[in-house]
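These are the structures, in structure tokens.
The same chain A turns up in both complexes below, where it pairs with chain B and then with chain C.
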Partner chain A sequence: MLDVDTPWFSNLPVDRLLKALLNTMQSHANRFPYVVSPVLNVLFTLSTINAPLWLEVLKPTFALHFYNLAIGCQIDTVREHAWNCLRGFFTKCSHGAFSPSNGTEENGSDIENKMDIDPNPTGVRDIVSFLWESIIRCLIMAKADIPNAAKAFETAADILRYIYLER
Partner chain B sequence: MSLAASEDWLALLSQTSKIARSELFAHTVQENILTHDVDYITLGWTRLLHVALDLIPSEQMDDLHPRYVLDCHSYDRSFTRDLVETFLFPDIKTKDPDGGETIKPYCIHSETRGALFDILLKLANTDIKRNLIAVYISDLLEHGISLGTHG
Partner chain C sequence: MFLSEYRKNEINNGQGLATSPSSESMEVEGKKLIIARCTQTPGPKNVTPSLSSSPKFRDIPMSPETTLREFYELLASKLSIIRFRVFAQGREVSRKEADQSKTIQEWGFKELEGIMIQVQERAQEEKPAPPKCVAETWVSERFYKLQDLLSAEPELAVLTSKFLVMQPPQPQLVERLRNLAIPWEELFSTTYPWDLYYSLYVLQSCVSGYKQDDPDSQWIIPFGEKNHGNLVQLIEWLSSPPIADSIDWGYSVSSAVSVLDGYIHKGLKRNMPL
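Then we have the complex of A and B:
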């Protein structure tokens, strides 16, 4: 029987989805530029369902997988898409984490709209910190791919300024 | 970390600045006269450091970076001086163990050098250092006048 009180997304197998997406990042996304944005966008959207689980699954390997896409990959458009997606997600999270309402603003929105804003500001701040740490790890590793590192540093500098403006 | 809190924000900037400095000096410059390839690692860390310095309140910048001291002893080495001597105007002739001379790589492309000069200007733009520069200039002028009078 359909349980109408339980939001549909709470039944998603987030853990398995995340691992599948990480595998796709590793196996397909670095060869097919059109795969990069959808994969990363779905991966980032899953953080809104269960931030602690999302962090638990991604912490061990995300930085390395992301590095392989965003700096290690020789295809310019793959790197471009990867950094643009990360910047977009970071911007959205920062806005939720540091806005005066701390992301808990109630405006009578329905469940679908609530998926766009994480209702747990602590979770969003943890994600912001995790993303920044991942970016720094990628920059440190970038010495192995110097010609591909320009976009990485440019995005990191933009993001640092953005945090300042949002806080 | 709650970046909304001022002290956490400063801690983030301080940490980012330290990582940038450490990575900058740990990296060997990859620029040479044979290619136009910019060393994006040196350029990138320099620019990230510049952003961090831009966002650090000027009254706290001297606490985060060693002050410039006049004496030329080893303990007086400062970040500013290290930047100049490592990346901009190094001692080019360095004796290697075999007695020959090697050229230590340094930044030669204008994009990288420009970013490094921007950092130097930023580091000099604090109250303490502006006063220091004013004192130097006054001393120079006095010295120049005395030379002019007696010469």
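Then we have the complex of A and C:
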């Protein structure tokens, strides 16, 4: 799914870092638009270290935290960054979970240069399901913030179209 | 640098490059210098690789039980270069994590008699430094005084920080960051938010350079190896109450997470189209 060639990446404490990033989403991301992309990028990438643990930590609260950023926030750029990150990660996961090669691109020796830390396909599919559920939960909650939900519906429609085309 | 050092060594040992059939150099990929070194000796061989014939590698302890990770680390520590790729018997020595614990023997090298190292060096090292403008020189000469203001009263610290982040990263601070002997706590304050923010701003700039393969920013690699734990701790601390509720410290969260993001997303494609 993702090839990270930073050698110490797999040593990162997933649990602690996820909790810190969720706290950051809650406390800072609404005030500092530029923190949204790096926080979500790191948060999503941590799934490649330990997908089950990642899901365990995120399942209870991620959708609500994400909603507060991606629909509840009044700053356009925050919502934009949030949905773009989610869409990017969803696409990468979908390639890994459902493509015939499970996302492994044949690219000569470059593959050997990077650490292979992909979670197994089942783990990636669980992530894809979780992301889709989170999106749906956000859309359901969006009834309260319809004026801010355009990007949410647009992204969800893109993803849904992608899923149907892939089937 | 590597080439000239290597040539010096060869000449000192009475074996000029021109007479060495086993060495060649070539230039590829634009500015990047690649040195290929292949050594093949006839007859029965010890497992000790031919690299050991070079003075630089003479003290590398290598055996069939040496793992690929150790092999890479040994080369990295001896060559003092930015990055390299190693090929043996026509195969690239893999850095894939699953293979890292394999020994040289398990990896399938009969011996390490044929080794080619591709070296990418500081291509811009010999380029003259771009001339500094008057304003930059002015700031640079007064940097330590300005840095002191970052730990002054908040209003002054904010103004100083806003001024400094409009300038290129100050070389004095970059040098301190590069010096791995300086403890993390001395570089990244948990007392003065604007001092911390400026240090993180400089680090973030250097990580951006590293992401763009700037040769001058490659020190970021050992820095990350040494300090990633500290970086995680800093993010945890910044995201915990009551620090998380403070606007002043909030700017640092953004930089700290961006630094981590820069490290782990180097070379990765960001958003694939749906």
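Observations on the model:
Quick note on the criterion: the second predicted complex is superposed on the first by the 140 of 167 C-alpha atoms of A that agree within 3 Å, B and C clash if a C-alpha of one lies under 4 Å from a C-alpha of the other, contacts with A are read in each partner's own complex, and residues count from 1 in each chain.
The rule is short, and it goes like this: a contact is a pair of C-beta atoms (placed from the backbone, for glycine too) under 8 Å apart; a residue touches a chain by one contact, two chains touch by 3 or more.
These numbers come from a predicted model, not from an experiment.
In the superposition on chain A, A:Thr61 contacts neither chain B nor chain C.
Look at A:Arg161: by the touch rule set out above, it reaches both chain B and chain C. Of the two partner chains placed by superposition, only chain B is touched by A:Leu139; chain C is not. Contact with chain B, but none with chain C, is seen for A:Ala149 once the two complexes are overlaid on the shared chain. By the document's definition of touching, of the two partners only chain B reaches A:Ala97; chain C does not. Comparing chain B with chain C, the partner in contact with more residues of chain A is C.
Judged by the touch definition given at the top, the superposed model places A:Gln74 against neither chain B nor chain C.
Of the two partner chains placed by the overlay, only chain B lies in contact with A:Ser129; chain C stays clear of it. With the contact threshold set out at the top, residues 161 of chain A are in contact with chain B in one structure and with chain C in the other.
Residues 1-4, 9, 12, 16, 19, 23, 27, 30, 37-41, 43-45, 47-48, 51-52, 55 of chain B touch chain A in their complex.
Those residues of chain A lying in contact with chain B across their complex are 97-98, 125, 128-129, 132, 136, 139-140, 142-143, 146-150, 152-154, 156-157, 160-161, 163-164, 167. Across the interface of their complex, chain C is touched by residues 2-13, 16-17, 19-21, 23-24, 27-28, 31-32, 34-35, 37-39, 41-42, 45, 84-85, 87-88, 91-92, 95, 109, 111-117, 158-159, 161-162 of chain A. The part of chain C that touches chain A in the complex is made up of residues 85, 92, 94-98, 224-225, 228, 232, 235-236, 238-241, 244-245, 247, 250-251, 253-254, 257-258, 260-261, 263-268, 270-274.
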